[in-house]
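Chain nomenclature is as follows: A, B, C and D, assigned in order of appearance, with residue numbering initiated at 1 for each chain independently.
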Amino acid sequence: MAELCGVMGIGQTRYAAKRQELSMPGLLREAAERALDDAGCTWADIDAVVIGKAPDMFEGVMMPELFLNDAIGGAYKPMLRVHTAGSVGGSTAIVAASLVQSGVHDRVLTVAYEKQSESNATWALTISMPFSVATVAGAGGYFAPLVRGYIRRSGAPEDTGIRVAVKDRQNALKNPLAHLQLEDISFDMVANSPMLWDPIRYLETCPSSDGACAMVMAKESIATQSTKPVAWIHATEMRSEPTMFSGRDQVMPRASLDNAAALYKKAGIQNPRDEIDCAEIYVPFSWFEPMWMEGMLFAPINEGWKMTYEGATALDGDLPVNMSGGVLSSNPIGASGMIRFAEAALQVRGMAGDHQIDGARKALGHAYGGGSQYFSTWIVSDQKP
Amino acid sequence: MSEEVSEPIEVLRLPVELEYQYTAGKSASRFLRGLQQGKLLGQRCPVDGRVYFPTRGCCPQHGVPMAEEGSIELPDVGTLVTYSIVRVPSANIPLELPYVTIQVLLDGADTVMMHVLGECELEDVHMGMRLEAKWKPEEEWETSVGNILYFVPLDEPDAPYESYKEHI
Amino acid sequence: MSSTDESSLTASHKLEYSYKRSLGPVLSRFFTGIRDRQLLGAKRADGTVMVPPKEYDPDTAAALDELVPVGPGGIVKSWAWVSEPRRQQPKDHPFAYALIQLDGADTPFLHVVDTNDEAAMKTGMRVTATWADEATGAITDITFVPEDAR
Amino acid sequence: MRDVAVVAFSQSPSVRRETDCNEVEILIPVIHELRTNAGITNEDVDFVCSGSSDYLAGQSFAFVSGLDAVGAWPPVCESHVEMDGAWALYEAWVKIQMGYAELALVYGFGKPSMGDLPLTMALQLDPYSVMPLWPDAVSIAALQARLLLDDGVVSERDMAEVAVRDRANAKQNPYAQVKGDFSVDQILADPYLVSPLRKHDCSPISDGASAILLAAGDRAKDLCKRPAWIRGIEHICEPQDLGVRDLKRSRSTEIAAEKAGVRAGKIDVAELSAPFTHQEILVERALGLGSETSINPSGGALAGNPIMAVSADRAVAHATSGPCLQQNLICVLEG
């Protein structure tokens, strides 16, 4: 019953620790203009705008979309602002797609961003509240105990995370927009980097970036007229569960597994590892690659690390993961999920440049957030469903 | 007039300062008042009877308010479920580096609490360790989890993995 | 506080951070201008001038980069009298927020008018910008006062 | 377009300061009551969407704890807008339109009494050239009111009449915060709060939550004897800059109303959630409402304004966000 929706324009900023030469409107604009150019349309062609970002306290502006909207052509148009923790970039793309799939709008612009240099991410992520005693700082402190739980459960070799970190940083060298460009990245360099939140080392963590990512999505009759390849959306899915409850599996949350099963069912995928050509997965700490290989049903439970170890997730593997360098190489938090979705779309459009996987026809974009409790995903293809 | 060309302004500092009157809520207030008296009060979910510690306003799994009469006192001993050794400083955490952040399952509780470990060599930290709370002097007790300074190892055999693995 | 007290505990909570605002090319010129005691507006495609300048036209999203001098005098288009200022607000005595249309500008902008009392405020009155002794290049460097009071 | 209807609604009382409960504790009974009244469980719900604001709560990720009140297990298909709950309702309506959901749960919650709400709202303004002056929300609205008064678009008496009407209507609404019989002359004798606004011109600051159940076609008829069918739902956002907008009318409301088909038939009841009396008049005019329409029979936002929940509440006509009616949503419902 839903309308077909195609991604016909993608724009990303260059990602960096500080894009000090840009204001917030300027940052969104850099991505949005590139997406419009790619889609071959103008501001006037856009029917609605969907903006996503993580907590407002990162930039200290309450509902900043209200002052940003007109800089990306949103004056006197419908505008929505999405916030679903770390998965927000993905959820924002899904809301934009829904506006087209529902037949409500013909052509929608979506932008997700974060300008983390305006403040300090660790502060904004863990603001101390009265009566509570802070024992962990930022996302690393929160996720490290879960990573330890995964290692204990799966018996994964302790250098699995190092291998992921090296692979993603090598991939980033093929992506000129990536924040971290570590020319001399090596196993030893990661292994010898300081242990921050044991078992997570410095070079196994994501950076803090400024950046924005934008997409133009359109209904079938418009998208098919594009002179460039279109990424057709085959399925979108999202799942959430509470942060904690008794017996909650924090390492392999059911929301992830349910989300994956529902996504593949909608996309008509029986065997994801065979049918999906490549994936952009939200991996802010290297160990989450093996964990989400299981969480996305690419590998049996407790065996995701084998895919990393055997090189299956490398650019020349059978399921390349994070060809762009991933969150480990660029992390404007509110945009990080949308970058995954957009990079998946670039792959099936054949427009991913030096990190293009030859013949990629079906790709997965993935984001997660909160205490491993929010999941959003999509499957895109060069073919209509 | 000076001839020198002044530097353009590219970045402005903008302080934001807002004050709030934070409300802990009914459930957390009971829990915090217990702490003030040195009591660790858990609450039962009225649906499955599981004991939540620290308490929450409702059972997140079932979306129902915790039974008020279901408040039960827990001992200050438990099992280390998982942990991380933190070597990164943070403005809002006054602890000396490195320190060990832990998830503890108190005996009789069905959820973990986050805290820190003390009086333990880093190489000795491991999952399943038995732990005991180290309290501040009684005259310093407030309505805060901070009344427990940290947990310390107990001289007891480790809890078996099976006994706590569902809490990771 | 007794243990039978069932009302919720409350505590004050302060959210405090000093943000770093990178300005981009247009606002950089605007704030550098303020530091150097010069107010600037942006010329839009239809020839009208807006203050403060924006990088992109609010109605058309067209990039704006032509800045022209405006003010320092202007007309009060509307005003609101703040009789009990909050600690964060720019004055520690009663003052007015006002929409001021600077000479040379076609749209008003929000700023502060400092008069002794509310009776001195009037829609249509002329005001002019005065600068703090030490201008740092922030919007708070200036305050407007009645032109005839100078 | 599919037929979609509001089939159930619940709300907490609007109160100036909820001293016992935190945000989640306000929300728990509201969602519980909604499900009970509709006779459904979480498993029946295909999509959940909420609206809230971190700055109202003074902490990042404030909305995450809302999942506790839902009891989001097994995991739910869920999304959140950092906006008023009205826009969460809109997103849920879109999901039903695309066939993703048949039954959707929408909720909004806020506890603005924790902070200094008018001052907090200054953080919505341009962070470079406006926000550093800390113009509070009442002062911003007062600037708009004086423009209208100076131009004779409204009078102080018009504004007082709106307050008197809404407060009188609110007497019928057990959830409303400010209610009673007042005379126009009596309240016009009050001093200014921020000149030219008096206390009665400003909506109260309210803590509260509300929840709505949306259903498609036959599902709606199964669940409810008299579903409120959504015949049009549209929202529009203006540029924020006060200088470039026409503050003497609400253009975004006019556009949304036109698209939503407000004038396609007689409107019996309009619920407007403008936070200031002069803004309520602007919205009323933008909608083209006449004497055949009963305005704010519940008392409207001026009687009780749980800022993030106002939406999800009545057979909504209108919700707003941003300074001086920057963003407006219009929903046309039919019984």
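Operating definition for what follows: a contact is a pair of C-beta atoms (placed from the backbone, for glycine too) under 8 Å apart; a residue touches a chain by one contact, two chains touch by 3 or more.
Since we're looking at a predicted model, the values are computed, not measured.
Shared contact partners of chain B and chain C, listed by label, are A, D. The chain pair A-C and the chain pair C-D differ in C-beta contact count, and the higher one is C-D.
Greatest centre-to-centre distance from chain B is found for C, with centres as Cα means. We define each chain's centre as the mean of its Cα atoms; on that basis chain A and chain C are separated by 38 Å. The distance from the centre of chain A to the centre of chain B, each centre being the mean of the chain's C-alpha atoms, comes to 30 Å. Centre-to-centre, using mean CA coordinates, chain B is 37 Å away from chain D. Touching two or more other chains at once are residues 6-13, 15, 17, 19-23, 27, 31, 54, 58-59, 88, 138 of chain C.
Chain A has residues 20-21, 23, 57, 59-60, 70, 75, 120, 123-124, 127, 129-131, 242-243, 245 in contact with two or more other chains. Contact with two or more other chains is made by residues 19-22, 55, 58, 67-68, 71-73, 114, 116, 119-120, 123, 126-128, 131-132, 239-241 of chain D. Listed in rising order, the residues of chain B touching chain A in the complex are 10-11, 14, 16, 22, 24, 28, 32, 45, 48, 50-52, 59-61, 82-88, 90-93, 98, 101-103, 110-111, 114-116, 127, 143-146, 161, 165-168.
For chain C in complex with chain D, the residues that touch the partner chain are 6-8, 10, 13, 15, 19, 21, 23, 27, 30-31, 50-52, 54, 58-59, 77-83, 86, 88-90, 97-99, 107-112, 118, 123, 138-140.
Considering their complex, residues 6, 8-26, 28-29, 32-33, 36-37, 143 of chain B touch chain C. Taken together, the chain A residues at the contact with chain B in this complex read 20-21, 60, 120, 122-123, 126-138, 140-141, 144-146, 148-149, 152-153, 194-200, 242-251.
Contacts from chain B toward chain D in the complex involve residues 12, 14, 16, 18-28, 56-65.
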